[in-house]
Amino acid sequence: MRPAIGERHWIIPDGYIPPTSAGTLTSHESVCVLNVSSEEAKLRFSIYFEDREPLEDIPFVVPPRRTKHIRTSSLNKEGTPIPPGIPYAIEVRSDIPVIVQYSRLDATQAENALMSVVAYPIK
Amino acid sequence: MRPAIGERHWIIPDGYIPPTSAGTLTSHESVCVLNVSSEEAKLRFSIYFEDREPLEDIPFVVPPRRTKHIRTSSLNKEGTPIPPGIPYAIEVRSDIPVIVQYSRLDATQAENALMSVVAYPIK
Amino acid sequence: MRPAIGERHWIIPDGYIPPTSAGTLTSHESVCVLNVSSEEAKLRFSIYFEDREPLEDIPFVVPPRRTKHIRTSSLNKEGTPIPPGIPYAIEVRSDIPVIVQYSRLDATQAENALMSVVAYPIK
Amino acid sequence: MRPAIGERHWIIPDGYIPPTSAGTLTSHESVCVLNVSSEEAKLRFSIYFEDREPLEDIPFVVPPRRTKHIRTSSLNKEGTPIPPGIPYAIEVRSDIPVIVQYSRLDATQAENALMSVVAYPIK
């Protein structure tokens, strides 16, 4: 049995799904989660906006001893996705410790731009 | 009632408003703040320079359970904005805990460049 | 004698070796390790995937008072390298404290994109 | 009197001065330091390499209540600068607490790429 490492609660204040793509790559964001343990990690995402109520408790599972690089455009709350082109923020909770990083590829213009942060752990 | 999470005091040493833009996007910086609590967060920004006195205690409010992605070009101290094209640094204080991330889109040249950091928390 | 500083265990959830390059630079990732101590640091890398078992305990040595910027494409487990073009995650363990940063240059398109994070320390 | 905040010891494992520039901007790295206190901060930089002895104890002063965005190409140890085009790592010590961020603009190709990290604090 491998123990879980990391934290159960992570925050990413700067979320943004670029609305358009040019060139050969597609604009996207990924929330990258690593679960080193021998148990499944059950995540819940909450999405906060500037001008409307949050979308809360979107579920996602990361299998034992696996990473998942989760496209934010794939997340939805009972069919409601995160709208592209507006600022938002991401809260990730997990039932066991995991480690979370956020990366964005912006291909709005012909050449791509890249940014990444390790999410902020709430201890 | 949802409790506040994060910290009350954050630092971003590398501030810089790119003076020009090319292509279809506009160069800008954003200070992205998440307030997960049921209360308003009252922020105060202080701006430090290389060669002149700081601009202190610029106010900004983040509503309950909302994020704000604040353009640094919108901040001003009694009408004095942060000048573009010079190095500066940012201090953010909040009356309740929040989480702060800083991102810059540089569109000085035809294609954009992107960088982001979670601000440094003072505990 | 100089003492070791940093941590013995670091995580990078977002690994990805860009499969192609255009322009004058080559797409690559580097795991940058600093060992300030007067002793050798013996590292072991483990690589986690989305859909297969991890590659575990790949060894690497950082000499005393040196940095090594390690290309992930150079790492292999008994001849099995990290495949390009798929998402993965990196765990770094060291027998003495070191400091770890991860950077990626993506030259998939003609102009390059750059991202970097300090790895997440497990304390 | 304003008290100093931050830490006295910071590490940046991934240093690299891009050897060439194209387009309208110049490739460079900056170590961005904020000193919020009413006292001068006396810094000492040490530079570590992959294959040679470190350059140690390069001095730099950050005035009270100021930021300095220090070009790494301006640092030198008794006339010996950091060579461009080779991997290195940076250690920053300060006699009082400061906050340190590292950013790189790579203009090797016609369009620029940008990366930034908050340095790793040694506590």
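A few notes on this one:
Residue numbering begins at 1 within each chain, and the chains themselves are lettered A, B, C and D in the order written.
Throughout what follows, a contact is a pair of C-beta atoms (placed from the backbone, for glycine too) under 8 Å apart; a residue touches a chain by one contact, two chains touch by 3 or more.
Computed from a predicted structure; not experimentally measured.
When chain centres are set by their Cα atoms, the one at the greatest distance from subunit A is D.
Interface residue usage between subunit A and subunit C, two copies of one sequence, is largely distinct: under half of the residue numbers at the contact are used by both copies. A separation of 31 Å divides the Cα centre of subunit B from that of subunit C. Between subunit A and subunit B the centroid-to-centroid distance comes to 22 Å (mean Cα coordinates, whole Å).
Under the contact definition stated at the top, the residues of subunit A that touch 2 or more other chains are 110-111, 113-118.
Residue ranges on subunit A touching subunit C, taken from their complex, read 5-6, 23-25, 30, 32-34, 36, 65-69, 99-101, 103, 105, 110-118, 121. Residues of subunit B that touch subunit D in their complex: 9, 11-14, 16, 48-51, 53-54, 87-89, 91, 104, 106, 108-111, 113-120, 122.
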